[in-house]
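A short write-up of the structure that comes next.
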Amino acid sequence: MSGPVTPEPLPGPAGEPPRIALKAGGRPILQVEDISLSFGGLKALDRVNLEIREGEILAIIGPNGAGKTSLLNVISGVYHPQQGRILFEGQDRTRFRPHAVANQGVARTFQNLGLFRAMTVLENLMTGRKKFIRTNFFLQAMFWGPAQKAEIEQRERVEQIIDFLGIEHIRKVPVGTLPYGMQKRVELGRALAAEPKLLLLDEPMAGMNLEEKEDISRFILDANEELGITIALIEHDMGVVMDICDRIVVLDYGSKIADGPPAEIRNHPDVIRAYLGTTDDQPPPASATGDITDRAGRAGGGPIEET
Amino acid sequence: MIYRESGQFASSYAKDMRMFPLLQDRWAFGALLVFAFVVIPLIANDYWLSSILTLFLIYSLSAIGLNILTGFCGQLSLGHAAFMAVGAYASYNFAVRLHTPVLVNFLLAGFVAAAVGLLFGLPSLRIKGFYLAVATLAAQFTIEWVLVSFNWFAGGSMLGAIDTPPMNIMGWDVSSNLDKYLLTLSVVVVLAIVAKNLGRSEVGRSWRAIRDLDVAAEIMGIRLFPYKLLAFMVSSFYAGVAGALYAFCYLGSLEVTAFELAVSFRLLGMIIIGGLGTILGSFLGAGFIVLLPILISQAIVFLHISGASDFLANAELMIFGGLIILFLIVEPYGLARLWQTIKEKLRLWPFPY
Amino acid sequence: MEEFLFFMEVLVSGLLQGFMYSVVALGFVLIIKSSGVFNFAQGSMCLFAALGMVSFWEAGIPFWLAVLLALLMMVVLAVAIERVVLRPLVARPPLILFMATIGLSFFLEGLAQGIWGTQPHGLDIGIPDRPFKGFPIDVSQFELFAAGVAILLVVGLVIFFHRTRIGRALRAVSDDHTAALSVGISLRMIWGVTWALAGMVALVAGILWGTRLGVQYSLTLIVLKALAVLILGGFNSITGAVVGGLIIGGSEKVAEVYLSLYFGLGGIESFFGYLLAMLVLFVRPYGLFGDEIIERV
Amino acid sequence: MQATGKTLRVLLALALTAGLMLAAGCEKDPQQSSAEADTGPDVADNEQFIPILIYRTGPFAPGGSGIGGGYEDYLVLLNERDGGINGVKLVFEECETAYNTDRGVECYERLKNKGAKGAPVFHPLSTGITYALIDRATRDKIPIISLGYGRTDASDGTVFPYIFPLITNYWSQNTAKIRYIAQTEGGEDKLKGMKIVNLHLKHPYGQETIPVLNKMAEMYGFEVTHLPVPWPGIDQKSLWLQIKKIKPDWVINRNWGISCTVPLREAARIDFPRNRVLGVWWCGSEEDVVPAGDAATGYVTTNFHGVGKDYPVIQDILEHVYGQMKGNISPTRVGSVFYNRGVIHGIVTTEAIRLAQSKYGNRAIGGTEMQWALENLDITEARLIELGAGGLMAPLKTSWRDHEGGGLVRMQQWDGTKWVPLGGWIKPDAELVHGMIKESSAKYAREKGITPRTKPEDGI
């Protein structure tokens, strides 16, 4: 339907010197202090403490139902914890609504895709640029002057991301019609378009083949290194996690059981126990969570292995 | 090969972001405008102008409004006709009490309707889907009740009816059917373009994001409530202007029953059959719902079966209902999608692949 | 004392009227529960059923046989609707199905009046619409009867859903469509059965209201009250339909009578139920008994 | 793709129909048809076209089909029995409005230019459509007759030259009702201290009589309570609970359609005497009382015409129209209230055409000619007897100022099986009504910027 667009030459991100990522030693950008979250009688998070440091790639792992997604939801403001606080860049924002969190510079993707399915790839990415568009309603209604200028400026930025992710050919395709892997990529693009300080990725590689996983891993690393974005991700593929992450946090039954660099986590006894089930006489604390579905199955799905 | 886009390259983002990026579409739009503004006044007779085209345009405008709310923002409403009533009564009151100029009048009618829309949009803070839809019936009945109860709104008329004064726009005496058609057309074209613009800019994207997945929209930094309220307001604004046009350019004298519940349902039917979330669909849907019953009844008159008038009148209802179902089965995404499909075909035509 | 008795009379009449609303709302609930379709044609089905029944009766068929015939007719209609309307639209968005039922309502209204004419018919099922003698407040015998029918209907439906195989299957479907399909429950059959059930409820509602109003086109308008009941009680709850009916029936009568008598604000019944439901929805967005639609992130 | 093919076919069919319609619309271009009327020999000048707006579906179908059917049957009768009016055949075309304003407007525009001289007159059969046509008909110079409905203040011919709420209007009716109450109670002085409830639909139509009742309450010292019936009026329990508390002497039933029937059952339940419920004439048809069963027995309503088949004109219709299978309605409905009201529509219309022919010649009559005739209409008792309609309707005499022409009303009572007339014609309080009409029409004239006519030729 739509004609191919030859983009104007754009000033790439290479134009500016890449920010040096302050690895593990950076100052904390987000602090989660002692938070608990429960739904009715179900405790999803139990006094979790966590720090995300500027410039790092942090992985949050754990068996199914460990509270990983709940943790992301608390951080991005979808749920508010019953207890504890969250500091972003040193400021308390425990009770922020999601949009306020987003406007502070936190972007995220979803486990089961959170794309706007009837909108095109371009439009999805443009929603990421929302906070940069400051023209008023009436100018937008005219699509004229500042409104048009703002649209064009943001479009330019979005095109850079489209280039970055290599999705030029599907610019004007409604995302709902794209294959799953491509949708995951678009969703990452939408989060990147928001130019976040902190990027939360909920299983960015779920359901992908090896090649696609490699692509996504590269995007994550590039985003971290070239754009200087701090990243926290949930992932089950231990190989990827061990490869690209600076630090790993392990959750089980809503509690943090380990926190440290990959090498340390790999050999952590609690982690091994959590993943492979009870190897010794210690019974699992079943009272902590009612959700015990698929625990054993999950252990098989995400074994700790080296690639 | 009619709709071939090859060879058309957008050389700048501005060009790529035009309302109609394709040359053929721009031509078609231009031709349509010429047709509506020049050809129709030349060829159409009174019957078409005054009983079909003006009405069609007014309903299209109101349907655009509802489409902004339902098609863009995903909030269902079954009380849209009531906002037309607000617009009609507001424009009458401004005209009779303050003697504001006609166009200002229409604008004010829109704003009053928008304010009322804001009020009835508040429940969308908590209520969603069909629950919201049924709750909007409260708007329909409450507004009707208020307009009937306090005849101040009808200028103290003992009959509860409003009679619109003659219109004059800077020396242009809008009195003939053609004048009224042209005035309506101008207002509708301007507001349709505005709606199209809203659809392709930040506001429209945010609305559609809310429609597609509100949780994700919020996480992208879109505040749901203000945007939903804005959608209610803009939508009611359109309904209000449409109501004012209905009073001034279509009927002249009317009472509140002209905006009864059935009209709200008809409007909803227009946007669903026309195509949710498209401006074109609003027009096509209005055409379907306004014209189809007339077509059927004309066809029945044409058939001239005597002695079965009662049955034929009911057959009209059956055919109308049946056609609605048929269209939904054949093309659930509306006439606008059908048009899209036809364009795809034309792109390849006459080659099969 | 007299004031109090009057208040009680207003309240009791309202509650009894509430049962009449509930019977109509039940038809909606049944269909939403099992197929998720918001069936706007429920009112037209009431008209269709009642008009059919009364026409059979007037043609000289005995009362119970006429009811049975009308019942049969509603089953046939349900099967036809499933085949012609629902099956081709399966898995479409709810709004599309809603619109299709609007189309269906036009069709049924045309069909019913095309076959049986537009003249109103009186319907007297032999229960006098007069108060019992000797009560401190007036309670109509017919309304008590109607309330009894409503309760029987609800009990019957509950037993059906919990005690019969097909009823359990219906509940399974309402809980989880795909799961139900995977254990081999035919969706087509389920839809057919629910629409037939809804048709049956429509017949009961049509007869009760038809006794009151006469059997005529205006029977379709009874859905206007039922919709408010429906959202107040929750779309997919049989209990909700009854409780919602009672709440709306009782409160709107009290509000109408006292606001009108003492403040001159009459005629608010047309929207009172909706405003009340809206307020309740602010606290409970899925009605009093409706299942919350949980959005997972 | 198959689906698309099917759709395309549907669209094609629709487009074809649209084309047909366009052709039909263009065929009767106004200039064209008037030009034809002057010169074209093939245009039948000896055929009088009459448009029929009707509604055979929806909640008010009994009214629409009954009146429309009676009206058409009377036209057929004139053709069959007399060969038309003075040799001019009557040709009519029906248009279904579905009681919907937009459809009514379309019907008006569709039919207004048909026939040699265009449509002579319209009966919209709906107050909403009457309102919608006021501006249009005045501009097109086609009279609108609204018999017993429509816009009350249009009785003032100086402001509404083309609108004719003939015979009587709602305000006249209510003054007549109060006079009936006075008669029954034994004198106007008995009205003092009496309690009357005005049970009216919460709707502009329903509320229209509030001012006139208030004025009369002041004049005669009775107490009137206005109880609005919430639309659509299928449930009026709370109103009758209030009536039970108020304990009025009389209840006025001012409703329409289903909301007319409900009060009868409610009245029966609280044992309110049915012969003290006074209905408007739109609540006084068989269709209103039959669904209420026994509860309706004794119920009294106003009417402005007779009911039943015992009139020569109705007998003629049975013989000449139904005898030849040319009826437009089920024969069982002949003689019913709505049917006879339709016959009255026919009589008034054709008598006006006859009068116009006496001035303009025996040929088809156009709108302005009809307007003159309607302003000079004088249907005397003698003429009514000639027509076989003696006692079917009251004599009617209009002028260019008075578009009502009499306002005589009579009461009728339902005896359980049929309507029985109660007493003779009742005169309304013309003075009171006249003042109110003037006040209301003056407001209309002010808002529309109309200068009231000061002589018959003005503004025509």
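Letters A, B, C and D mark the chains as written, and numbering starts fresh at 1 in each.
We take it that a contact is a pair of C-beta atoms (placed from the backbone, for glycine too) under 8 Å apart; a residue touches a chain by one contact, two chains touch by 3 or more.
All values reported here derive from a predicted model rather than from experimental measurement.
Comparing chain pairs C-D and B-D, the larger number of C-beta contacts belongs to B-D. Put simply, the chain farthest from subunit B by mean CA position is A. Subunit D has its Cα centroid 36 Å from the Cα centroid of subunit C. One inter-chain figure worth recording: subunit A and subunit D are separated by 71 Å, centre to centre, where each centre is the mean of the chain's CA atoms. In terms of their C-alpha centroids, the spacing between subunit A and subunit C amounts to 48 Å. Subunit D has its Cα centroid 33 Å from the Cα centroid of subunit B. Shown for subunit D are the residues in touch with two or more other chains, namely 56-57, 65, 202, 231.
Touching two or more other chains at once are residues 141, 144-145, 148-149, 215, 310, 314, 316-317 of subunit B. Shared contact sites, meaning residues of subunit C that touch two or more other chains, fall at 109-110, 113, 117-118, 224, 267-268, 270, 297.
Across the interface of their complex, subunit B is touched by residues 38, 84-85, 88-89, 92-96, 98-100, 102-111, 113-114, 117-118, 224, 227-228, 230-231, 235, 265, 267-268, 270-271, 274-275, 277-278, 281-282, 285-287, 290, 293, 295, 297 of subunit C.
Every residue of subunit A that touches subunit B in the complex is listed here, in rising order: 1-6, 8, 76-78, 97-99, 101-103, 107-108, 110, 114-119, 123, 126-128, 130-131, 133, 135, 137, 140-143, 147-148, 150-152, 155-156, 159, 190, 194. Of all residues in subunit D, those touching subunit C in their complex are 56-59, 61-62, 65, 202, 226-232, 234-235, 237-239, 241-242, 245, 257-258, 261-262, 265, 268-270, 287, 290-293, 295, 330, 333. The touching residues of subunit B, when paired with subunit A in their complex, are 5-6, 8-14, 16-17, 19, 21-22, 194, 197-198, 200-203, 205-206, 208-209, 211-213, 215-224, 230, 277, 340, 343-344, 347. Within the complex, the subunit C residues that touch subunit D are 6, 9-10, 13-14, 17, 109-110, 113, 117-124, 129-131, 138, 140, 209, 212-218, 221-222, 224-225, 252-253, 256-257, 260-261, 266-270.
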